[in-house]
Amino acid sequence: MEIGKKKMAIYAIVLEIVFIVLIGVLGEYESSARPVDPTPADMSLYPYFQDVHVMIFIGFGFLMTFLKRYGFAAVSVNMLIAAFVLQWAFIVRGVIHHILHGEAKFPIHLGEMLSADFASATVLISFGAVLGKASPIQLLVMALIEVVFAQINEYIGLDKFGAVDIGESMYIHAFGAYFGLAVARVLHNDKYEEAKGEGSVYHSDIFSMIGTVFLWLFWPSFNGGAGTGDEQHRALINTYLSLCACTVVAFAFSQLVESKGRFNMVHVQNATLAGGVALGTSANMPLQPWAAMLIGTIAGIISVLGYQYLTPFLNSKLKIHDTCGVNNLHGMPGLLAGIVGAVAAGMASQATWGESLYEIFPMMVPPHNTSAFANVTLQYPAITEPGIGRDAMTQGGFQMLALVLTVVFAIVTGALTGCLLRLPCFDNVYGSRMFDDREFFIVEGQGYPCNDEEDHMSDGDPKMRMLDDA
Amino acid sequence: MEIGKKKMAIYAIVLEIVFIVLIGVLGEYESSARPVDPTPADMSLYPYFQDVHVMIFIGFGFLMTFLKRYGFAAVSVNMLIAAFVLQWAFIVRGVIHHILHGEAKFPIHLGEMLSADFASATVLISFGAVLGKASPIQLLVMALIEVVFAQINEYIGLDKFGAVDIGESMYIHAFGAYFGLAVARVLHNDKYEEAKGEGSVYHSDIFSMIGTVFLWLFWPSFNGGAGTGDEQHRALINTYLSLCACTVVAFAFSQLVESKGRFNMVHVQNATLAGGVALGTSANMPLQPWAAMLIGTIAGIISVLGYQYLTPFLNSKLKIHDTCGVNNLHGMPGLLAGIVGAVAAGMASQATWGESLYEIFPMMVPPHNTSAFANVTLQYPAITEPGIGRDAMTQGGFQMLALVLTVVFAIVTGALTGCLLRLPCFDNVYGSRMFDDREFFIVEGQGYPCNDEEDHMSDGDPKMRMLDDA
Amino acid sequence: MEIGKKKMAIYAIVLEIVFIVLIGVLGEYESSARPVDPTPADMSLYPYFQDVHVMIFIGFGFLMTFLKRYGFAAVSVNMLIAAFVLQWAFIVRGVIHHILHGEAKFPIHLGEMLSADFASATVLISFGAVLGKASPIQLLVMALIEVVFAQINEYIGLDKFGAVDIGESMYIHAFGAYFGLAVARVLHNDKYEEAKGEGSVYHSDIFSMIGTVFLWLFWPSFNGGAGTGDEQHRALINTYLSLCACTVVAFAFSQLVESKGRFNMVHVQNATLAGGVALGTSANMPLQPWAAMLIGTIAGIISVLGYQYLTPFLNSKLKIHDTCGVNNLHGMPGLLAGIVGAVAAGMASQATWGESLYEIFPMMVPPHNTSAFANVTLQYPAITEPGIGRDAMTQGGFQMLALVLTVVFAIVTGALTGCLLRLPCFDNVYGSRMFDDREFFIVEGQGYPCNDEEDHMSDGDPKMRMLDDA
């Protein structure tokens, strides 16, 4: 057995043993899952969890199958990374939120399963930036590191700054995108133009639509799953309307930017989803339906223009090659989400938001032992925890601060991670070996679209070909 | 920028602005989604909604990918139309059910999200009739018009005639099918035989099965989502059993009608679903399980025979070219559903139906201030709204009347819409440009099955080919 | 009409009539689905049911599309068998559990819909063993027989032995696998090497991943759907963690066993799921999260090693040709599940399991009119039914006995069924007609990967081809 080719296996097995030991030592069923003296189990989250679960494995996995020669890796390595991160996220989140707070064990329950799925989304977005250009061992190392930084960032933003983000457009989408782009920048090398496989074939673009549509359908669950009551109801409505508006506008702009007025499948597969990201921070806020639609509209426009003009620019001028265009689907829409959230927070008032003001922004609840707190608890019996009496503008400022921190932290930690991944031991993928499943998978069947000479035989003939003779 | 090729973009952007303004002016969160003084939000509908949502976007979208050269358009334009209609349906339904009744605003909530999804199904069924033969701009114009007529028809049938239709087999399936067929008839031209793309390739038939199976799986949610309690339970059971019986019989008849006893994928993809349509009007009625199975059986037979014999006849003799065979999947099974509903209503009695009689047929509740009404409310406390004391035969008659109205109204309004769509400004698609993604999508990758000469090289050799050399 | 080619149609129609008559005579809506005097309907099971429903039709159906020339049959015949079995399972289960106990009618309700779906899984697993080698009529005959034996086995194991199996890894997975392998052994003939179609093409392996991922995602619902409260919560957590660990290890071992360290899609498609099977008997038991992960790890290793070494051995030495490798995905992991369940039962105690001891093992509840029973009911008011006061070791012994019975009964009844299926009237499929959709489906489109000579033209050239010229 040659160790060199099987590094990932050794790494994965060692880490899996570490995961089992750490969860054995530090983790335990939450009380509602314990057999003795359980609190009642509330399983009402489960359908939302399953929708998000489908988004992670089917949504992200199939969305990335658009590459003609990288379908095996897209859906399979997506599954590997996610299964790896789900376990690691339990541990990292448990340490940050429980062990470091002096608890002996962290609890494992359905809510944490949802949080772990969210955490895996961060890494899968970064995967989209380096798709076809990184080896499985590089990806699993990146996953190990990124989850830690992403969870620290979320902890600072959410727990310390009190910057809320129900659909995690800042803490997941923006973080994952800019972390991934930083990694992609550092991994960049001059042999990119030798890669032959970075296109789609007809059926790979249809496979990709399986991912797109499931992401589109279940995005309301992503943005609303963690809420309850009227908050959740609004999150579902807002996300649904935002996505609808985004989709119509994305098709329109896809036609506008092409000389012959034809739709571009890249836009259909990706830009139609930007409305879900752009609403992620503010989905549960009482924005009004028209505002959700407007935000979706803006996201759709930004995303199409990004794919059309910004991605080629970043690649050619800044050497940032973004395979899936995560900047256009997760990065810029994530920034938009953060800004919308900050503006909405800055304009929030008890008069128009009522109880939701304090439910959504716990830091805005007046402090303990004040008459203001007594008034709030009297008016809204559901509010029982005191806050720090933050005003709206300050809350808006902290929302903005969390967004800026997220982007800076993602870029810095992503760049450092990229430097680590360049170490020769991690098997960087170069040149013609990029975007090619044969590098990591047994591909012995027929039907692999790989005849390179023929790729260049295009003579203006409208006939296109999947596979060709020598 | 050449306006001519980008009409759809202009149209879509203008309409999107109109949608945002109208929803801004006329729409508002329903009280359970409002932050101030909310009624409790009941989210128990959400899993049913999501099942139907999957049916609309994955189900309809992938079902139509069977065409070898029209997969991009099938799943993408399906998504565009649906996202467009979802917003428009909120407005049209809000105006009909609220604004015209003197309310200042119409409420937006989860139940309306489900209704909007239902409304989009109507248009997507019509899309199936003209698949490959209409331009995106034609389809969006058709969508704008059809939703208005379909909602008016439903309002008359449901609110005025009191003709119930829990799975909307009359108001959606039959309406959408006959509207679409009328459009298809008017758009028909003599260049159809020049179209080369109206077949499937091996993998496009498998893509189509993704749509079929998800439609099949979630049809109980379609027929039962709007119900509650025992009504809903029956709707799920009846639809499940009807689909099972329909599937077995559809396979059997597919084998029977072919000389060599081979199954036909067209039947597998479509006729297996007819049992869901055929139960749509009566799903919540206490039919007994065997009756649901019998109705599914009949639907499966009708649908296979329709695909085998009626569709070619309609095309060659009546110039009604029905790309997806919506007459066989939605039209005739929709008629069957309406007839079953009318017969069941005509035979209904309080003795066997109990409280369900009045829950299912609100018009059969006795009128206000009668002793009969007092008796009913005493016996069934859940019944609180008086009706008009309609008897069973009359209810059956109105069910039948609603069915007839639906078909007539669909054909007339569909034909008028078709005439409008023939205007040159709407870019009719002719001849060899039909059934071809290259007309509206950038298709630059390999693998597009398009070598026309080779299509004719079949020499009885069993070898078939996906892509060919020049 | 030539009867010979249409036997399946006759058989299916006759059986469908029998099903309708039997359900008409023996079946009725359960009270919560009846219109008169209903008990309240509890629909909380429905999302779990739908997850399992997706597993049966999408999961199993698409998982089997990996064969390059058998995609139509995989997903379509899967659907036919399942729709056939769902109805038959209502009847068989109703007779065993109600009619033979003296009731006049068996009840039809949502819970039975879930049980019917479970029952169909048994047959579909056996289908995996004979995929491509049996005709539709053979499969429907096998389905008719297998459901009866599988339900008898489950009745003996569950009701008589009291051997629990919440995710039915013994009664479904192990039974289905060994029944199917016995059928495959008996059907084996010497013309297997003539079959040309038993490989995959690039896109068929991606289609297969649709099935894999949906099975993976919804397996927690499969193992936990039938539970409630803390039991259900544990089942979801345990299955989720087991699958994650299994997936990481399956990828690692897939790389380890290949000389060049490349992943094998067969392992990705199948071995990643073994963790769900291996937890099936004990999912609701308080194993601790780390133990669930350890069991998943072991299952992943066993499954990869099975695909790599055992399947070729069974085929070449024992003439057991296992098309989908059900022994590695369902058989051995099912045995592991049964053993884990027996060991866990043998170690169970009231001290650590509390109320769950009696909820999970009803036979361990003390007998009626004993002080022990009085104590238990006092301590755990939810326990109301007396048991037989079985101790833990005895329960473990009965769990083991049920596992042994299942395997023996499956092999014996499978072999007998195989002998019946060899009768010439059932159209055995031989030699080059195996693994070929053209045998049972109209395949007239392009894109069928069938040029046999070209299959052998591989000259070491990395270029592979989907379709070829003559």
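A, B and C are the chain letters, set down in written order, and residue numbers restart from 1 in every chain.
Convention: a residue touches a chain if its C-beta (ideal position, glycine included) is under 8 Å from a C-beta of that chain, and two chains touch if they have at least 3 such contacts.
The chain list, named the UniProt way, goes like this: A, B, C = Ammonium transporter Rh type A.
Just so we're clear, the structure is a prediction, and the values are computed from it rather than from any experiment.
Here chain A and chain C face each other with different sets of residues for the most part; under half of the interface numbers are shared between them.
Between chain B and chain C the CA-based rotation angle works out to 120°, given as a multiple of 5. Our note on geometry: chain A versus chain C, Cα centroid distance of 34 Å, whole angstroms. Annotation for chain C: residues 47, 203, 210, 449, 466-469 touch two or more other chains.
Residues of chain C touching chain A in their complex: 44, 47-48, 51, 68, 199-206, 209-210, 213-214, 216-218, 221, 229-230, 232-234, 236-237, 240-241, 243-245, 247-249, 251-253, 255-256, 258, 260-265, 268, 272, 286, 288-290, 293-294, 297, 352-357, 449, 455, 461-469. Those residues of chain B lying in contact with chain A across their complex are 1-2, 5-6, 8-10, 12-13, 15-16, 19-21, 23-24, 27-30, 32-38, 40-41, 43, 46-47, 50, 53-54, 57-58, 61-62, 65, 71-72, 75-76, 79-80, 83-84, 86-87, 108-110, 113, 136, 203, 207, 210, 438, 440-451, 466-470.
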